[in-house]
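The same chain A turns up in both complexes below, where it pairs with chain B and then with chain C.
Right, the complex of A and B next:
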């Protein structure tokens, strides 16, 4: 590829610019740093035809991802299906509904494979040999797997009480897995201090500006898969709020580069009521985010002090979207509905996204007659505890035709006789 | 009384590289003023023009975010550990 268009790291608060280094906080005001680009350098060069000529993975948009040259980690990641959800459309009474299904993202079944691919490729460029993260589970698995494949050492830090599937889904890769007695916010705080002390690439601490950019690939794919257009409405689950801001950034970049028309896309955020500091701020009409002590089965969204909450709030309000939150019971009901109508087993965060979308359709915040995309970011096999008591158990019978006939008759099933 | 304050990497240029300093202060507000006296420039990094702790700065007393306590009025006791931590992203 031609020269990189990455210009600098820039403070989102005060605008101070920094060279491309493993750093994430403005030295002056503590604001978060973001990668900024010289888009002019791509004018006329980054075309639909060029993108379509490339392999189907997230790196077909590599000019807009902040690495030099080719990715050294996760070169196959991304490009998940965008599913037209016809059955769910009927149930919800909407005319055009899509599921962006990152529950099948390669290789660890969550959208975190996108951000990790960028973070670890960048970490390798910076010369790191050990990578680490603070995680609610999916990130731990993704860092562990992608680090293993890239021959990097890894340390992953998680809350001690995560779902078994998430713990196993990281541990299997031979990572050093540390359970912290406390909530994610405690893990986060410890990692922030560990990152300052050990010379590691912490994907969501010192290489976070690069890591976070990986999320944009989800947005790029949605637009390409819709036939080079943006949806009118897109619903995103919120933990720290980062994905909301990056989906919005991806759309603005494609508009700026002339790849799509501006559809006036509105961005909507979804949280569980047990941890809803961002949705509460949107509903209250303020930009003040009050931290909370998180308590929900949607553990991957259980961040009581969301680092990007302020910016997610702003994106939602500026784009004309809204935010909602739902109870844990509604999360489980929505997980089941998605599975039964579309054959997609999403993790709890997916239940949050669908459940909040339903609530906003009912309240009229999401119109029924315009295109809506729901972002499903993780796989239900990793959060089985949430639904294990809510689904039908197998009916046990002997290997006997007679017994099955009785069962079929009870179900009212006709046989050929 | 004096308490231990853990200093994050981005602020260590102001503490001569020290990752921990011992400072007097009966409350978080007083502590920040005393930090400023000992290490000029620290307060404006931590607080906005109105003196409120900046949006992206988290201050913990022992294990609790001062936003859950009494903010700048949070009382300090001898032997308390104060940590200053930048907000970081994650989850999903």
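Right, the complex of A and C next:
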């Protein structure tokens, strides 16, 4: 089973194929490149039994990830819990709800560990010794940590005024953090120039096609964890829109390989209203994505001109799904609800996913009597500032039983006397 | 140098000859590689070639145009 089934990089617009190289833009039409596979080579060989016999990490589906042989980076990553959300089901009035909980993804608590491990494994194959990214948060931490574990040099480019917590979340791993005087767009601009000049692997620039494929592992896991079936409905947060397209691709691949039956899965997208170019296009019934200036507390989703927006829109439309967006206040309320009902502290993007799902359940876009999976992609500990004012402050009392008795009585708590 | 950008035009600018003005204003060679106009918006994939400082000034000029969104193609994929 070591033979790779990766065929080529293929332009999603004009279909031109390219050899497997660190490149991501079609030279003919500027379209984005995507990894394509010869699935026929796997027919009859890639079975449930084979997958189940492997260790519980994202690489148990390695044939469908674009690396040669074994991963050299992030070998432990993935295989996060799929939680049956019984308490949330009652609150939302739905019959079958699951949370795919990537807020506990190893090692940096976001689904970025999936994409980064594929990108860096591929970068090592290509012979890169330095990896890099432009980021405002989760990606920086994941690149820094996975590069450190793999013995790679890493550079992380951030806006110079980034929050201290996020700088620390990457800096602890010994990465070289470069703060750029300017806005995030300026950071991006510099990074593309650096990628060309220094010959580094930028996970979200020149090795992007490989990076993006890592997201499929989230979809594979959901299907295996549901008992080898696809959900009827799956809700994903959207920034660039990439995850939306890759979850859809993962389902189609499993159907093609005979691993699951086609359940007619509908894919739904979630955005914050302050940055909702994809959901707006879906709701307007168009496939044109109008760029916006992002303004939301859900910073990990704040991409005003989403690269995969068009493709995410198409997946949502073709699968029979829908997209929705919610206000920042609704994001915080949903974060609290998820934490209070299921004990899961998701980052702001998780609040977006749950909040949008609630809105779509209310409007009837998401049926109450069929299986729904919500994809939670990052951990709330990284975005504490979003909810710091929304949680109850501790009540301070003296170390006295009498004082506690008063407090308990006020709460209506009965004691054993 | 040669830089590749996506230009997004809104309803107001989609009918304006902005790429023609760009080439008049700056000593750059423009090459439209892909384009789509509909529903009150336009998308153009454009190559801009010339001396580095001139290309940079040309990009700044485009950026400053109301209703035009400039996105270098190498960077349009960055997230997170």
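Keep in mind that, in the parts below, the second predicted complex is superposed on the first by the 398 of 417 C-alpha atoms of A that agree within 3 Å, B and C clash if a C-alpha of one lies under 4 Å from a C-alpha of the other, contacts with A are read in each partner's own complex, and residues count from 1 in each chain.
Everything that follows uses one rule, which is that a contact is a pair of C-beta atoms (placed from the backbone, for glycine too) under 8 Å apart; a residue touches a chain by one contact, two chains touch by 3 or more.
Nothing here was measured: the structure is a model prediction, and the numbers come from that model.
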| request: May I ask you to decide whether A:111 touches chain B, chain C, both, or neither, giving the answer as first, second, both or neither? | output: first
| request: Using the touch criterion from the header, give the chain among chain B and chain C with more contacted residues in chain A. | output: B
| said: Touch test for A:250: chain B only (first), chain C only (second), both, or neither? | reply: neither
| Should A:208 be classified as contacting the first partner (chain B), the second (chain C), both, or neither? | both
| request: Would you check which partner chain A:349 touches, where first means chain B only, second means chain C only, and both and neither mean what they say? | output: first
| task | Go through the superposed model and pick first if A:186 touches only chain B, second if only chain C, both, or neither. | result | first
| request: Check whether A:379 is in contact with chain B, with chain C, with both or with neither, and answer first, second, both or neither. | output: neither
| Should A:305 be classified as contacting the first partner (chain B), the second (chain C), both, or neither? | both
| task | Please indicate which partner A:271 is in contact with in the superposed arrangement: first for chain B, second for chain C, both, or neither. | result | neither
| field | chain B versus chain C as contact partner of A:237, first or second or both or neither | value | first
| note | Intersected contact list for chain A, partners chain B and chain C 13, 24-25, 28-32, 112, 134-136, 138-139, 185, 188-189, 191-192, 195-196, 204-205, 208, 239-240, 242, 290-291, 300, 303, 305, 307
| Residue ranges of chain A touching chain B (in the complex, touch as defined) | 13, 23-32, 110-112, 133-136, 138-139, 182, 184-186, 188-189, 191-193, 195-197, 204-205, 208, 212, 237, 239-243, 290-291, 293, 300-303, 305-308, 310, 349, 377-378
| For chain B, which residues are in contact with chain A within the complex? | 6, 8-10, 13, 19, 45-46, 54-58, 60, 63, 65, 67-68, 83, 85-92
| request: Using the touch definition up top, name the residues of chain A that touch chain C in the complex. | output: 13, 24-25, 28-32, 112, 134-139, 185, 188-189, 191-192, 195-196, 204-205, 208, 239-240, 242, 286, 288, 290-291, 300, 303, 305, 307
| request: Provide the residue numbers of chain C that touch chain A in the complex, in ascending order. | output: 4, 6, 8, 10, 33-34, 38-39, 41, 43, 45, 69, 71-80
